[in-house]
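Each in structure tokens, the structures are laid out below.
Note that chain A is present in both complexes that follow, paired respectively with chain B and with chain C.
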Partner chain A sequence: MALGRVGAGRFATSAVAWLAYLIMLAPIGAIVWLSLFDSDIIAIPPPGYSLRSYQSMFASGNFIASFRLSLVVAVGATVISLALGTLASIAIVRGKFPGSDILASVFLAPLAVPGIVLGLAIYIFFFKVGAAIGIRIAGTMTSLILAHVVLTLPWTIRFTSAGLTTIDKNLEDAAMTLGAPPLRTFWHVTFPLMRASLVAAAVFAFLTSYNALEMSLFLVGPGMTTVPIVLLQRVSWNFDPSVAAMATVQVAISAVALIILTRLVGAERIFGGQRSS
Partner chain B sequence: MPSLSVRSVTKEFGAAAAVRDVSFDAGEGEFVSLLGPSGCGKTTTLRIIAGLLVPDVGTIEIAGNDVTALPPYRRSASLVFQNYALFPHMTVRENVAFGLRMRAIAKEEAGPRIRDILDLVGMRELEGRYPRQLSGGQQQRVALARSLVVQPSVLLLDEPLSNLDAKLREEMRIELRQLQQRLKITTVFVTHDQEEALAMSDRVIVMRAGSIQQDASPTELFNRPRTEFVARFIGSANVLTGTWRNGTLQTAAGLRIRIDGSHAGSEGTRGMTAVRPQNVKVAMSAALSAQDAGRFNVAAATIALASYRGSYWLCCMRLDSGDEIQAHVAADESDPKLVIGSTVTIYWEPRHTIPVIPDS
Partner chain C sequence: MSNDARQAWQLGWLAAPTCIVLLFSFVFPLALIARYSVNEFVPGELMREALTPANYARFFTDDLFQRVFATTLGISLASSFVAVLVGIPTAFALRRFSPRWRSVLITLLLFPLLVVTVVRAAGWVALFNERGALNSFLLALHLTSEPVRFLRTAPALIVAMASSLLPYIVISIDSVLQSVPRELEEAAMVLGAPPHAAFRHVILPLILPGIVTGFVLSFILSMDAYATPLLIGGSAIRMMSPMIYVQVSELQNWPFASAISIVLVVTSLVVSGLITMAATQKKWR
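Up next, the complex of A and B:
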């Protein structure tokens, strides 16, 4: 009797969990479904299924160019924010100077500002600075990458400082007493032990930049469009299966990045952080 | 020339002095222990010697060179950490090779050196393992090998045995001491375990609240503790306070304690003495002969507690004068006799009365 009740409780819990998964994943399923319609318009039921929306997507230079731009910006922002984030984490975690706690919070602040506000502010900033020094900054690829760094840096700082705090400081001290100067200590000891958190930081930075829409809206120049912007334009203009195809590709890229991450690092290490010694 | 000289080192953290005016030398091949309770500044001192902390005042000399301003990687002092701090992403061999790699020692020379040191600590077969695949004792050996392979002028050990279980700790004590004597390497060993310090060291430096209390050989430390703190910290001690009268210390409760020769304090001043429980004898008969009474410090006492400790009984007694005193009574002869509440006579030789400086 008691056992049966426990069994029922467990069944209810897992049913709720599955329901939650279903609600979260259903829209993605719907997008994939729409992308396979053999039609130029969204009509349910569809006249049939085919890959023609994918064909038309790849045939369109606009789509390909936006994928490429999104990729370049995301990779650029990831690399820059990874380097800066690691350095900032070392200062915050190992330095422990007066005000380092405040600095740590300041670095996370962009997460709290709506992307659209951030985008507008950065656009005005770049525009004014560009006007002052006589070089056009606003609307260039560089400005777009730098703006995305503002979005991705909080993630890289979070992950790398989480990684760094789990590394026993004695390991670095041991390396130093064995004759390793600070840079070599970092390279041979700290860096290899941070690898998991660096991979996690890279993937999250990449995804954040790759999917950023609101901020990019202000910052793209003429002829520059990232994937989310193209999607927005297409959706407001005319929602057809090729938009769904593009969204499916977008989702697939994110999914692949996350799968790579969990394979390389393991989900519990990304969020839990294991002791290294 | 000493291998290591610590000169008037002071280090403050915030307002509190972690280490205050600490000076000592370690001679070539000498095994020196820094002993004290946690927070006494012994580990801080060790980290200052290693260069991981910079002293506010004072200098460190290693092999005759002032290294105070040098970073750890330019000093010839390697440190074995309490948690071993083995590099988790490197094999045993790679861990041991690390110091040689940093010193850019050629493969032809490094290879045999690594092999020899791994043989010495008995870890050669496991050189391909990672630290997480090793037991605590094995990790400890690897940490030792990693520090020794660079042939430092001074080997620094920060409580390296405290993470091992009791039996292994005992074995490693002997092993570590033998290794140290074989290599004749100058060693500074930090511990809070007085037994460990006495068993292993040529010299023991007892620290308390950042200062050195006493710097002496293990036997001298045990037999002639200079302060109340040392007397209580090393082994155990009956500490009796009183006033000096006619060359004896008279306690408030009226006990007169005689002391050897010139050790008595000047008439009328306050004084403190310590007596080891090992040196206090317990006689079951009510009185000693007049001759014995003349030679010993003698008092009548009542047994308050007798606690069995294997090789001896720890016997706590209340003297008729009101003072309390403990004695170690050999176990074999006393089993039936130590009846709580029974009256006995205690006595000890005046030479076992040790004058000590009271803790402020």
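Up next, the complex of A and C:
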């Protein structure tokens, strides 16, 4: 009888697990499905299936402009935050100075602040500083990239310092004992060894910036919007299959990023118990 | 100081550029809105320097904002609770698979986390719409004679939010479950303990830390949620994050938006601290 209960318990947990996967993946599946409708409106069941919505997406100047802006901002933020993050990681992993542990946790602090709050704070600060020195900062691409650097830095620091920790410091010491200057040692010994974690950091930073919504809300302006904001506006005002096509492109980018990350750091270590968002 | 120690000390300077960037685009901005939250809002001229608790008082006394505050807390707690209820069995089910399948399922679990929230919320809109997938399905099966209104209802919002919290819950429970032997639960039941007692007295105390971590993380993430409440809750169920945006974009009320921001951050921290304390002090055995 007790074993019968075990069987029933197993059945129940399996059923709930299927339900969990269903509600996690159903909205993503729905978007991909919608993007294939051969129709100008979302009507279920659709009259047929085609790639028409992708054609109208690529024909829309608005979409293309936001794609381009999102790409430029994401690449800019990734490059800057990868450079800053790598330097910061070397400092907190290899350096020994008072307060290095505190600094390490301060570097992760932006993750603990809601995106909308950080976005508001940066917008007001940039606006005020811009007004004080007579240069418009808020609402420019520079401000957007800087804000995204703040958003991606915790992740690049996390990935690169995890990579650095696994590198045997003796290898660096050996190179330096043999007469290599520190910079040369970094370039020829450390850098190649941490390549995997650098690529993972870059992929994650790119995706974080490309997906950033709340952070950008205040900093974008007319004629200068990123993809997630265009999506938000179109879903609430004019949700048609071409919007679903645009969302499907986001899904595809995320899928590619996930595959790269799983190969490089392993599925279970991508988030490592820390928050994203 | 030895040469090595000096070098290790000097390496610290490599963190300087990051510190400067964070100072100017994280620390100063947050300090500025904390200061502005006690300024006075004057329609037409943005704001006046002051040291007034008026913005906070307004948030906690005005009916509309009291409701927004209660809704934000209620929806966040409910979504996290639903996610935990669904997440615990899911984490248990995951351990029955071979390592190969397990890693496939973990990867599938992470996938929604990487897909931007607005896309997932859009998917829920497509499912929940008056003429959406769910209603077409219900109508086709004659389970309902006219479309059911899902959008702008609390249950729909809670389902949508819980679905995006599930991966975090499952991952954090899964990480503590690794140290619980699979046979433990079955042993308790074979010895005559009913399944709920086996779970309550044997398994739950062991996985509680994972549940608490997952719940607290979920709670904070739901408190911060922006796109999902906006698209699913709409004007009927209003939460704090969208409210902050409205205060700035429509009313240019910086002091009030700053005050709501501070309340949001402080509430998240205080409530998650209380949950952690309550969970670690309570005796579960």
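In this section, the second predicted complex is superposed on the first by the 236 of 277 C-alpha atoms of A that agree within 3 Å, B and C clash if a C-alpha of one lies under 4 Å from a C-alpha of the other, contacts with A are read in each partner's own complex, and residues count from 1 in each chain.
One rule holds in what follows: a residue touches a chain if its C-beta (ideal position, glycine included) is under 8 Å from a C-beta of that chain, and two chains touch if they have at least 3 such contacts.
Being a predicted model, the structure only gives us computed values, none of them experimental.
Once chain A of one complex is fitted onto chain A of the other, the partner contacts of A:L34 are limited to chain C, with no touch recorded for chain B. Of the two partner chains, chain C is the only one touched by A:F97; chain B is not. When the shared chain is aligned, chain C comes close enough to touch A:A147, but chain B does not.
In the overlay built on the shared chain, the residue A:A109 is in contact with chain C alone; chain B does not reach it.
More residues of chain A lie in touch with C than with the remaining chain of the pair chain B and chain C.
Contacts of A:R184 after superposition on the shared chain: chain B is touched, whereas chain C is not. Using the contact criterion defined above for the overlaid structures, shared-chain residue A:A12 touches chain C, although it does not reach chain B. Residue contacts after overlaying the shared chain place A:L232 against chain C, while chain B stays out of touching range. In the superposition on chain A, A:L84 makes contact with chain C only, while chain B stays out of contact range. Counting contacts by the rule stated earlier, residues 276-277 of chain A appear in both its interface with chain B and its interface with chain C. Across the complex, chain A is touched by residues 50-52, 71-73, 75, 77-79, 81, 83-89, 98-99, 102-103, 131, 146-147, 150, 156 of chain B.
Every residue of chain C that touches chain A in the complex is listed here, in rising order: 5, 7-15, 17-19, 21-22, 24-26, 28-30, 32-33, 36, 86-87, 89-90, 92-94, 96, 103, 105-127, 129, 131-133, 136, 159-160, 162-164, 166-168, 170-172, 175, 186, 189-190, 192, 194-195, 213, 217, 220-221, 223-224, 226-227, 230-231, 241, 244-245, 248-249, 254, 257-258, 261, 264-265, 268.
On the chain A side of its complex with chain C, the touching residues are 2-3, 5-6, 8-10, 12-14, 16-17, 19-21, 23-31, 34, 42-45, 84-85, 87-88, 90-92, 94-97, 100, 103, 106-107, 109-110, 112-118, 120-126, 128, 146-147, 149-150, 153, 157, 182, 207, 211, 213-214, 217-218, 228, 231-232, 235-236, 239, 243-244, 247, 250-251, 254-255, 257-258, 262, 267-268, 270-271, 273, 275-277. Across the interface of their complex, chain B is touched by residues 168, 170-171, 173-181, 184, 188-189, 192-193, 276-277 of chain A.
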